[in-house]
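Think of it as A, B and C in the order they're written, each chain with its own count starting at 1.
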Amino acid sequence: MNALLRVESASVRYALRGRGLFAPVRHLDALRDVSISIPEGGRLGVVGESGSGKSTLARVVLGLVRADAGRVLWQECAIDYDDAIAMRSLRREMQVVFQDPFGSLDPRMTAGEAVGEALQALAGPVPSVAAQDRIIAALAEVGLGAAFANRYPHQLSGGQCQRVAIARATVSRPRLLVCDEAVSALDVSVQAQIVNLLHELSERHGMSLLFISHNLAVVRHLCDHVAVLQRGRVAEQGGRQAIFGAPQAQYTRDLLAAVPRIDRQAVE
Amino acid sequence: MTATARQEALLEVRNLDVRFKTAQGEVQAVSGVSLDMQAGECLAIVGESGSGKSQLLMACLGLLAANGTASGSVRFAGRELLGSSERDLNGVRGTGIALLPQDPLSSLTPHLRIGTLLTEGLLDRGLATRDEARQRAMRALEDVDISDPAARLRQYPHELSGGMRQRVALATALMCGPRLLFADEPTTALDVSVQARVIELLRGVRDRGLGVLIITHDLGVVAGLADRVAVMYAGRIVETATTAELFRDPRHPYTAALLAAVPRLDDSAQSRLQGIAGDPPQPADRFSGCAFAPRCDYAVDACSVQRPELRSIAAGGGTVACHRPLAAGAAAEAAT
Amino acid sequence: MAEALAATAPVQGLWTDAWQRLRRSRAAIVAATLLLLVIVLAVVGPWLSAYTVEQVDWSQATLATPPSLANGHWFGTDANGRDLFVRVWIGTRMSLLVALLSTLVSVMIGVAWGATAGYLGGRVDDWMMRFVDVLYALPYMFFVIILTVVFGRSLVLIFLAIGAVGWLTMARIVRGQALALRQREFVEAAIALGLPTSTIIARHIVPNVLGTVIVYATLTVPQVILFESFLSFLGLGVQEPLTSLGRLVAEGALEMESSPWLLLVPSAVLATILLCLNFLGDGLRDALDPRQRT
């Protein structure tokens, strides 16, 4: 099966300024030789703890951070992040939802304006009447009525803000949606709603997901493939059954063991 | 549990109300909360954002914001805390009740060394000499599994990892020998592997005979640590039970729904999770009748008219505030 | 499956929200009203009096007369027999004009400079802000005096001189805000949309710093008025027959012992304007603070 997106041996190294004028520059390897692949319509979960490099990986894929080595391939063609024309059409296909529901929306723009901006930037120019219809449709698809188009982020709950962010990211019908800890800042009852929404959108439109999270249980429900990152390297990668049922790497086993269990029958 | 039943409750809260004056009028964050805590037990208060659980903690310690007022009664070891002067409260804070705040990055003063942070409580109160305080600080660090305590004392908070900072915060809280520990979302900012260690340490604190009151939204933490649980929704307690009972047999529809919404590693990996429609209520929201009624699968007309009172359930000592509490075993049936 | 989530709370624009909060601050409302009164008088005042700004009244016993309702010189006359009421309001017009125009210029330059430097960051930011630091270090008085000598004393020069100094602090403040905003996720989202840098700065950065800019501008206007007054005090500011509050205060100071009203009246007007602007600035800062929104 053809991979929609493939990352080949990506490495990212940050230079940390040492203390003092003459201190040597120390390096932090955020990603080391990381390779992952996302099939068409597939959902890849990338899990790891803090410092594992999972957020850096998301940013490399989106082009927000440049890899020092390695490359990213879209439909088996290497992406040139400096090619403005190519990037313009690529962005239509690949969008992102961030972690902080309130922080990822411009506080001075209404929900409708935020979605409209994305529409014009990615699929534009679109005449305003048609644009209005598409904005309302995008909001409806994430479960928000037309009245929400006029609301500002501070008038919305965390879950509603995240829905707006998802509407903004999917209005151009991208083929890949990158979710960087997209449900981590939400209450449990709302988290479940958003996970279901992402799953539904993915199924309905054949949209692939790159789902970054530290929450193994959520990844297990949403994703069919999983990559486990440890300090910038891929510790293990595989299908959901394999990773959760029969983990090969010790790190994966430790990670799974550390998740607190809720056992209905008896509690220690 | 029966042996301690005759002891005076370490913490007794009766009908606690917390209100805030805002530009939009008065907002009620906590309504009519009553609970008891004994020494050597861990009580978990579970709720989502807007449930009022943090304000409950702040009210007990007299740490509400300037526009907040608390009414009702909070008795610690027989002493009434609400309405006490700052001086009296300072006598209780640290030595009687200690606070473990949520984010160790902001709760440890960045420009002070760990040693200073650990010993300032003792030294300010004149409870120990400098040397004694230092010795106790090193022992406290050892108690929370931090290696090489002498070196750590000289370090600054930013030089430690998140997990270590939280353990230092715990050591600091325990330095003045409190009888009750309030822990506000102690594991939220931590990685999974570190969470497990902190939960273990808190279990140790409880086993040493302190009372531990933990605020959390993470049911996994509750399962690993708490003896009893109180579930809060829209500023009120809607259910209390022992931990085992709560997970086996939730009686309030909200508790059942919350348990169903948590994704597990050990259930069937269905892709659909069970969310609860709508959003958790905020303190400014007003309800007639039960606050959960709009989102409840079992609501009837009476639920929107009459607010249910917290009542005992015959077996086990738990309580629930619901007009139509789930029957015993109902939730387990629904899950299969 | 679209869950129908009904909209519950009434929708309110951001500026309406801020306006309502401002109305609640009594000090800000009083200050704004007084300021409005001063502005109205500055516009209308000279027409209310029978005298003009230059007209010398020879009819009184001495040239300089104290305020009196009887002879129509409500604020008295100055050492040259000119009516002070008219001169004070003409002077106020000039001071306010200079202050507002200079502040406008310094806001425009400062916001553009600071937002760009803060957003771009890195070396560009370093160089842009070093430039600001160098300008800061220049003794601007010296600079203004040289310009005056070279170009003569014109009104335009005063605007430019004051604007040239005022934009520096505005740039620093805006740069700090822009630097913080750059880290917020909604800016990353805009970059991910592929929007050009100029669009991101104009659409996402500038509107989010406007609150701070407005507040700071109201607190800058007093500084500008004082600076202009200082220039006038030195004889470098507005020239005859035009006058400004600064000039009036300077002239009044000379006659302080014999004709105290010549100092007291323009000083009172100046002080009122400065106080009102400060209170208004405080009120605006609280009203526009995004963290206080519930």
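In the analysis below, contacts are C-beta pairs under 8 Å (C-beta built on N, C-alpha and C of every residue); 3 or more make two chains touch, one makes a residue touch a chain.
Since the model is a prediction, treat every value here as computed from it, not as a measurement.
Chains that count as touching both chain B and chain C, per the definition above, are A. Among the other chains, C has the CA centre that is most remote from the centre of chain B.
Ranked by C-beta contact pairs, the top interface belongs to chains A-B. Rounded to whole angstrom, the centroid-to-centroid distance between chain B and chain C, based on C-alpha atoms, equals 51 Å. With centres set at the average Cα position, the gap from chain A to chain C is 47 Å.
The geometric centre of chain A is 32 Å away from that of chain B, both derived from CA atoms. Listed for chain A are residues 160, 193, each touching two or more other chains.
Each of the following residues of chain C touches two or more other chains: 3, 5. Multi-chain contact residues of chain B, defined as those touching 2 or more other chains: 277.
Touching chain A in their complex are the following residues of chain C: 1-7, 9, 11-12, 14, 184-186, 188-195, 203-204, 207-208, 290, 293.
Across the complex, chain A meets chain B through its residues 49-50, 157-160, 187-193, 195-196, 199, 214-218, 220-222, 240, 244, 254-256, 258-268.
Those residues of chain B whose C-beta lies close enough to touch chain A in the complex are 48-49, 162, 191-193, 195-196, 199, 217-221, 223-224, 243-244, 247-248, 257-259, 261-266, 269-277, 279-280, 282, 332, 335.
Across the complex, chain A meets chain C through its residues 62, 64, 87-88, 91, 95-96, 98-100, 103-108, 117-118, 121-122, 140-141, 143-145, 147-148, 150-152, 154-155, 160, 165, 168, 193, 200.
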